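For reference, the structures are reproduced in the following blocks.
Next, two complexes with chain A in common: one pairs it with chain B, the other with chain C.
Moving on, here comes the complex of A and B:
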């Protein structure tokens, strides 16, 4: 994962933390999506503004994967969320 | 009877006025923005047409307080004429004339739901007015109660129903949050506790043949299994749902309900029927219907199966989080329905909700206990109007000379009028730093005096500095809450063992006002309420304090000097260590207290300053420490206190002898603001004057 990558939650997105998932809501498009582990963990980290290097390290542990695999996984997920409008590219993370 | 089409909305409320003569902290109708606060006759007739088209048989008249509407009787008459059954939701504070007017109707035609409050939180005048109403209109009236505290006992509702021979039904509601969380509401985590209370209450009510009706937002999981079985068996008493029971507001707009008024609203037109209206009102909310009030709701079979709606949606939406980086909240993106008929309240609600997300709502809802200052009724009317819902009570020293109250005697020209006529609740102070006669001699006359005042004016609590006195009050006047004065200096959990059963409220000692850990410990260990004084400037653990308060109470000087003056002359930075909390830093205490108290019987007796300081604390607007009316140990210089510094003083180890944080901050702030230079010049002038004097 490029260390310079940074994302922000889309301003029109709200989320609720559920027992074993996180639900994202976007009222303008009336979209909702339920994220389960480990996606929910990634969203949580991003929303807290944690640095991408630390997120990658934590995802390695949570997914029991190598750093390379974690980076690739994060890259795919964030690209997906960017495309769907849950995240936006930002000057800072979170 | 109105022609019945297929109905999608069973009920609708007509909120005919937003004016009210009570200021319940949990009220979710307060603050709803409308173009007109009272409904016009034409709007009312339009609303009747809507009910008729929709086949809704009841006209539910709400407010505010509906009987305050000048056309109230006309509305009732038109409703009956048009074949509806009016149901009136009132607080019962009816004038004799209004009660007489209502007596003209048949009790089978008109029903009145009297929403009462916990007897402990009502003034005697309110209780008396309600009793008068029940006596006159018993056949019309049933009781309603909104539960906003987890430990509220409900048994009094059964007793009142029997005593006044009211209709044998009781409506129970849960106090739900407005979307911006600005009212006092019952937290979902407390629902199970309330469920237990209802269990006991339901059994008693049922035994005596009284039916219990549940308003919206109750969830099955809050009730013990045995009660749930009974509720299901008693068909019709309990339906777990969340609206809409639309509120038709005075200006003719319609909301999903009051709590969600800012996000779900449309206009009533000549063609609306309930089905279409329901769709319009539901549209902006449907996205969030997945949510329940608990994290567990998403997987709950009862919610999945449609048995439970997941509780109040507004309460569930309190769980939403959003980016706290100043961007607009998700809810601000308008749905198509709202794009057509958007309301200005919408954005405002979102903005305040964002604040709620960033900082817990609890302290924003704080209730203030404020000092009596001797001002004419107009002053207090204005305070009531501006700040009423946030004022828990107004405190005043015990009149007479039996004991002092920690301050020099203050004027009391208007006190009797204030206590007799104002709609505030009252707290009495009996808090000399020591009682000047042996406790066994003074307790009885003090208790008698308090009882006399309570009988005459109605008190909610009494602040005392003595455990024996507190116990005697509890024993003899059990309806009064006892409050441990800050002068008792209760600062640690082991002290709680020493005052066990004596106090309902504790005002912690000033020594821990800057010690969050100790406040947290106290909060956890004490089962009653914690009340914090926000603008008290005393130094923590000040060794001069007892003598100072003793002298002050016996002094006739309006603004007596502090005995610590010489100390503060030498070490002025110690003023920064005082027990004060600035309004802008109140959020540091969120979750640590239940009530806030403003000191200032003497220091805030200028009415303009009183209002300014009270408004700042209520709205958490910044003040300088020199502006809060904290007494002689206050910071006198107009220096700003930044949050980082203040927050550090809340978590430091308070070893001031080994630390330079406050002294350095003080020096630097004075330099920056030029205060030091002015002080130096002032001291030079003093020296010259003294020299000349010699």
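Moving on, here comes the complex of A and C:
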């Protein structure tokens, strides 16, 4: 994954940190999804604008995986979230 | 006369003499027996009666229950399998401030942070221990240095702990001791994920910036107060921790008022300065113990009107404890180099006190290697406090910091720590009893305070008219 790839949360998306998951809501709709570990960790890191290299390193630790496997996993998850409109491409604002 | 008493009664009477403490007020006595859950204001006649070999239970009235009812067992050293009450994580000894009194080595800290992989191993171990011990959950505390200066360690620990504890059906609680110097994004994360935040905040801008400057000499007040506001509105419980020195001791009441009004914390914790080489060099001084006790109770009462709890750790009259700190509770604290110990302070501090508080280490492969004999030794350290046996506050204070006990080779006499602790504990007991008159008399009279704080023994067995 290119280290310059940036994502940010769709402006219409809000989320709630629960005991062991994160729930995403799309304002103005009934759309909601629950993210459990390790997806919830990835969402947290992306939402805070952490650099992709550091996200990959942390996901390696959390998933007990190689860097290559973590990169591939992150690429798949972010692609899903982009398609579903939870994420958009671009620098985080704020 | 003693021979005519049944043996059981003689034995009960002896226990009463050992379990009951009396401390002088201006014109009465504060009677306190924590193991019998009894505190009372009594007159000299009552004390005299209680001390008799054959007291008149009718005359004693409600106090007769002291003789008739068995006491609780005193707290004892832990035994059996390891049962850590929490896992301490020190992600780094580095810090982004330059506090004048730092005793945690931030000024000369190694740049090596705890390896996130090792941190995760410690978390996995702790959760398995909790499961084996049938605990309801795990508590993980972050300390430093400044823990958020090593953010990846905190992030992986939090997410790993949440995931693993959920898999095991356990609750998971996070607490951080922090200087409050982080950006808004990090502040939001803390508010969302942490249950409790102990934020070091020494008071209004002048005193806070004087005692807790940033590196380079700028003030830290603005950032800390901004984050305190945010955290006070978050789900995390906010505790503001004040290091009390000669600079701010006279202002504890106004500090408490300002904190309550501006930040609505759950707790305000006032702790006197522990002198360090750095604080000596900076000319910072410990507060006068008599002054600290009086100002503390003033702050306590101010905050009570706001519904905010005020705490001085050694005067925890609401509980009975065997040890003042993590030492003796099976607590495991992971340092950046993987050492496992019972204390947040630096090993150099332990050595200076003639102690070794190491309990093991995390191997490079992430295995927890524990030294069972060290654990047993740690469990018994808190019992080494002979001076405390005569003190009415011994089961609340539990002797205070063990490093201080050993380092200063505190003998049998009470020192400044004892003075302020005994006074504050007595004032809090009077407040709890609702005896405003006695409290005010004690607070206003240095002579009365000295009579209380300096008496050699509070035990009823040693009482003399």
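The rule we apply is simple: the second predicted complex is superposed on the first by the 89 of 94 C-alpha atoms of A that agree within 3 Å, B and C clash if a C-alpha of one lies under 4 Å from a C-alpha of the other, contacts with A are read in each partner's own complex, and residues count from 1 in each chain.
We take it that contacts are C-beta pairs under 8 Å (C-beta built on N, C-alpha and C of every residue); 3 or more make two chains touch, one makes a residue touch a chain.
All figures in this text were calculated on a predicted structure; none of them were measured in a lab.
In the superposition on chain A, A:8 contacts chain B only, with no contact to chain C. After overlaying the two complexes on the shared chain, residue contacts for A:17 are found with chain B and with chain C alike. Judged by the touch definition given at the top, the superposed model places A:40 against chain C, while chain B stays out of reach. One of chain B and chain C touches more residues of chain A, and that partner is B. After overlaying the two complexes on the shared chain, residue contacts for A:30 are found with chain B alone; chain C is out of touch. In the superposition on chain A, A:83 makes contact with neither chain B nor chain C. Across the superposed pair, chain B and chain C both touch chain A at residues 17, 19-20. Remark: chain A residues 17, 19-20, 36-38, 40-41, 44-45, 48-49, 54, 57-58, 61-62 touch chain C in the complex.
Only residues 116-117, 120, 152, 155-156, 159-160, 162-163, 165-166, 171-172, 185-186, 188-189, 192-193 of chain C touch chain A when the two sit together in their complex.
Those residues of chain A that touch chain B in the shared complex are 8-21, 23, 25-28, 30-32, 34, 47, 94. Put simply, chain B touches chain A in their complex at residues 284, 286-288, 290-291, 295-299, 316, 319-323, 325, 327-335.
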